[in-house]
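A, B, C and D label the chains in the order they appear, each numbered from 1.
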Amino acid sequence: MKETQAYIERIMRVNRGHQRLALAVDHSLSSMLAGQAMLVRRIDKDYEAEHWDPYLRELWFPVEIQASNIVIVERPARTHYLPGQLFSIIGPVGKPYRFRQKLRNILLIAYNTTPAALLLMVPPLLAKQVSITLVLMGSAKQYESNHLPEEVEVLQADDNLTWPDMVMTLGWADQVFVLVGQGDEAGYFSDIMQLMRERHSDIPANYVFGVVERDLPCGVGACHACVLNLRGAQKLQCTDGPAFDLTELRLN
Amino acid sequence: MKETQAYIERIMRVNRGHQRLALAVDHSLSSMLAGQAMLVRRIDKDYEAEHWDPYLRELWFPVEIQASNIVIVERPARTHYLPGQLFSIIGPVGKPYRFRQKLRNILLIAYNTTPAALLLMVPPLLAKQVSITLVLMGSAKQYESNHLPEEVEVLQADDNLTWPDMVMTLGWADQVFVLVGQGDEAGYFSDIMQLMRERHSDIPANYVFGVVERDLPCGVGACHACVLNLRGAQKLQCTDGPAFDLTELRLN
Amino acid sequence: MAIDIVRSRKYSLTVSTPVMPASGTVGFGDRYRDLLDFEKLGAFVTNAATIEPWRPARGTRIIPLDAGVLVHTGLPNPGLAKVIKQYRRAWANMPIPVILHLLGTSARQLKRALPLIDEAQEIAAVELGISDDSDAADAVSLVAAASQMEKPLLARLPFYECQQLALPLADAGADALVLTAAPRGTARDPHSGRLVSGRVYGPLIKPMILRMVGRLRRQLPEELPIIASGGIHSPQDARDYLEAGAVAVQVDTATWAQPKMLERIARDLGGWVATRQKDALPDEWNPEMTHTEVIQRRAT
Amino acid sequence: MAIDIVRSRKYSLTVSTPVMPASGTVGFGDRYRDLLDFEKLGAFVTNAATIEPWRPARGTRIIPLDAGVLVHTGLPNPGLAKVIKQYRRAWANMPIPVILHLLGTSARQLKRALPLIDEAQEIAAVELGISDDSDAADAVSLVAAASQMEKPLLARLPFYECQQLALPLADAGADALVLTAAPRGTARDPHSGRLVSGRVYGPLIKPMILRMVGRLRRQLPEELPIIASGGIHSPQDARDYLEAGAVAVQVDTATWAQPKMLERIARDLGGWVATRQKDALPDEWNPEMTHTEVIQRRAT
């Protein structure tokens, strides 16, 4: 964890809604693993904040890491970026996702958010022959996924949160990661757990992980804005997350 | 006076401290005359304010008008602009400068500000064979003027606000325009009037004009933040200015 | 739509849309005529008039802040009598009710001024500005004096004292409360280096006044309307205030920054919905344009 | 430089630079160790501890605003006894005095807690948080109870009530006043659509609190130090407060947005001046870097 600077080296439009930025970052960030993120704010040439609006840093999850110092992020197309633009970065923030040793089939669910926070795991898992299914739910259905590797099976859930061959996908999955948007995380996770419980009477530990991407004011465990209640303990999204075993998370 | 949109067509760096922007503007702005200005704010593609910071509109004086819809402005180099950037413009704001009919020699003074607000008069006056002297005073001395037409004689005042051949320049001038920066306008004008009074025992009307460039919150005469006290009346910088006869201005 | 924004004592004041400019932002008359369609607004609120003439403040009057501005104009005006004389014609031509903002100084002075106001038919109502640091007794006597007028009386409360003054002024005879005037503050003029005291404007003011409106709505008599003012910069800001219990809103310095925002908020809250041709350029279509075609008017 | 930031009653509290973080922004312990050089600060102020454990707030805790943020954490903490046990080691290792922020609830509860605090040598002083909407009598009895402690007592005043509470709390035994806690406000969560109430932070808060500090400096006993807090985002903001009469300042949420700003303000006010190699790239030099070479230390 430190504060470093980065600039935009290249901008690639990937679909109607999104662009990817190639950021030239400090070497300390090129070993980030899936699950880890950066807290980012625009700065000017003198390393000052350009404005106080937006005020807090934005949470950017890398979707790809290229070479030793190029990190790719996916951002909404409506925001205007420019090659050469400077950023201050605090990171890496958070803990890497934990995968089973003998992982064969993984189910990723993006619910009311783009799947960006899940994408960094894709290249290494594909390299290990893991088959990946990505289900887009709620507002995530608007996400256009043609630019993702074709080995990733992308499915759209319907309004009842079911999808074609759901029973099979759930049955086959060795591990599930559910990424939810901001707002009513507890409610979104409840929806998913209900779905799961209809399949598995007893959900094992380290099987379904909930991934949260709330704004993180400080990112270092100081402000306590990101506390989550887990069974028996309070955990911080910024230092203990972003993924939590959904069987332990208290969905109050 | 209306609200229109404009975008940056070209950006030209003119010296270390300044750049010039070629703005493609609405036709209603291409007949602006020296003394008139535009109230400008950045907007995004949907014609919304991009941010509320900066909050008020900026006062931009054109330095040149090209073709029917290209207005050139001079801005500090430290601000980052881009071709294609959109602006909302309220204008034209203010009244044109009034020149004597038989103008031969004009003296321009920029005191603690860049001379931008005086430059739009340069091409037409040169075309009429008027000889132009520009004196840079106070912080204006940092202004690099190599990009100005070579017919303009540029002089630097010293710390006592005198300059080489001052007696001659003052004696020859048929009209004087004194542009002052924000802060202590009254004090700056007093300095100049003292200088003048040492030369002319009785300063005629319409001879020395003070030009102000304070921030204008509304630009239409509504907010009363830009009131100036003239002998016998209150005038508004936005609708009656920016130039006022210095013999009438009450320098309180 | 027809919204009565004062409590029905002797008078009523009906607006067709619950949006108006805040005093001090759009002038005494029709200065904004080229930039705003007054017809779309609910009412027009004038700059502050005082009984005696006031001169402009000396020195710096505008200090840019981060996403905001500090303003100290000194409220220059030629005094109530001259203000009425000078602007009554413009007011008569307004397509909407005109609310005169009158700065309260002393009850005695105020009483002498009431006939002037009663006589001016172009004035639909008075908004009485209560000074900062007013104590409750002074404010009450001002409002009591002003309520003798033959027109509806709105009282605009100072920011820091609004919790203490709201109930007493409701009892003293205000027909509606305007919550609140912009908070006072002090900032450094970057040009002169001097500290300047004035009023603070910007979107960050809204959450503070929204909280006050919500709290006071629960404490004040139900029949007393609240008009909310402070930091409104978008239709959503305005709707938040209505949801917190205000009957109408006043938009302040956002008008200077983006004049059409006032009209856009008024259209939105007035039930005017405009749709946009797909892929139109901003020049061809924009929601701020006075003459954007109105596609639909919601049933009211 | 050695600045005493409390009035000399029984105790003193000396800092080497008049800059510290505000409670709630940097945690209980050394969470910011990688991003801040604590040695450059005047003191460390902890997050709020309460006598009994408090749970985190439900629902949304952070709402982005224009150039600001609304925060409602619920001040989660395991209660005073556990806080001391858990963090006293980190406090002992701090190179600067540690000020414990204690949220005052009842005087009776507070009295029982004092021995815990007196016993903890790692705590240099206590900053007592006075709740919003406190009435003067309750606040006075809290401060009177806390002042029985064998350590200096700072009282942090709520924003809206600070004018009423300042003098009574000075009389009740506070050794310094912290002006003020962030104002409360209400904002809409853009994700859930619900209204959330919390505290408002951002640069626009500064002009309001700067005015209060200036006014109260003139009203309060001369020997009572004021520590200013609110909206500080630059060295100039901090200097404005000192010029208005504060002996020291607390930097709040600016630290989250740009952590090194706190250190930079501390360097600036502490008399540390760094110069920059001409044309250095930001990567090679930046004024925020912890280990920027210090070129000169002003005489103090």
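Just a few scattered comments:
We adopt the following convention: a contact is a pair of C-beta atoms (placed from the backbone, for glycine too) under 8 Å apart; a residue touches a chain by one contact, two chains touch by 3 or more.
Keep in mind the model is a prediction, meaning the values are calculated, not measured.
Pairs A-C and A-D differ in how many C-beta pairs touch across them, and the larger number is found at A-D. In this assembly, the C-alpha centroid of subunit A lies 46 Å from the C-alpha centroid of subunit C. In whole angstrom, the spacing between the mean C-alpha positions of subunit C and subunit D is 36. The geometric centre of subunit B is 34 Å away from that of subunit C, both derived from CA atoms.
Shared interface positions of subunit A, i.e. residues touching 2 or more other chains, are given as 51-53. Counting partner chains per residue, subunit D shows two or more touched chains at residues 65-68, 202-203, 233. If you sketch which chains touch which, every chain touches every other chain without exception.
Interface residues of subunit A facing subunit D in the complex, by the touch rule stated above, are 1-3, 5, 41, 43, 45-47, 49, 51-57, 86, 88, 90, 181-184, 214-215, 217-227, 229, 234, 252.
Subunit A makes touch with subunit C in their complex at residues 51-53. Residues 66-67 of subunit D are the ones that touch subunit B when the two sit in their complex. Contact residues on subunit D toward subunit A in their complex (touch as defined above): 24-27, 31-32, 34-35, 47, 55-56, 58, 60-62, 64-69, 71, 73, 75-77, 189, 191-192, 201-203, 233, 253, 255-261, 282-283, 286-288.
Within the complex, the subunit D residues that touch subunit C are 65-68, 70, 160, 163, 183-188, 195, 197, 200, 202-208, 210-211, 214, 233, 236, 240, 243-244.
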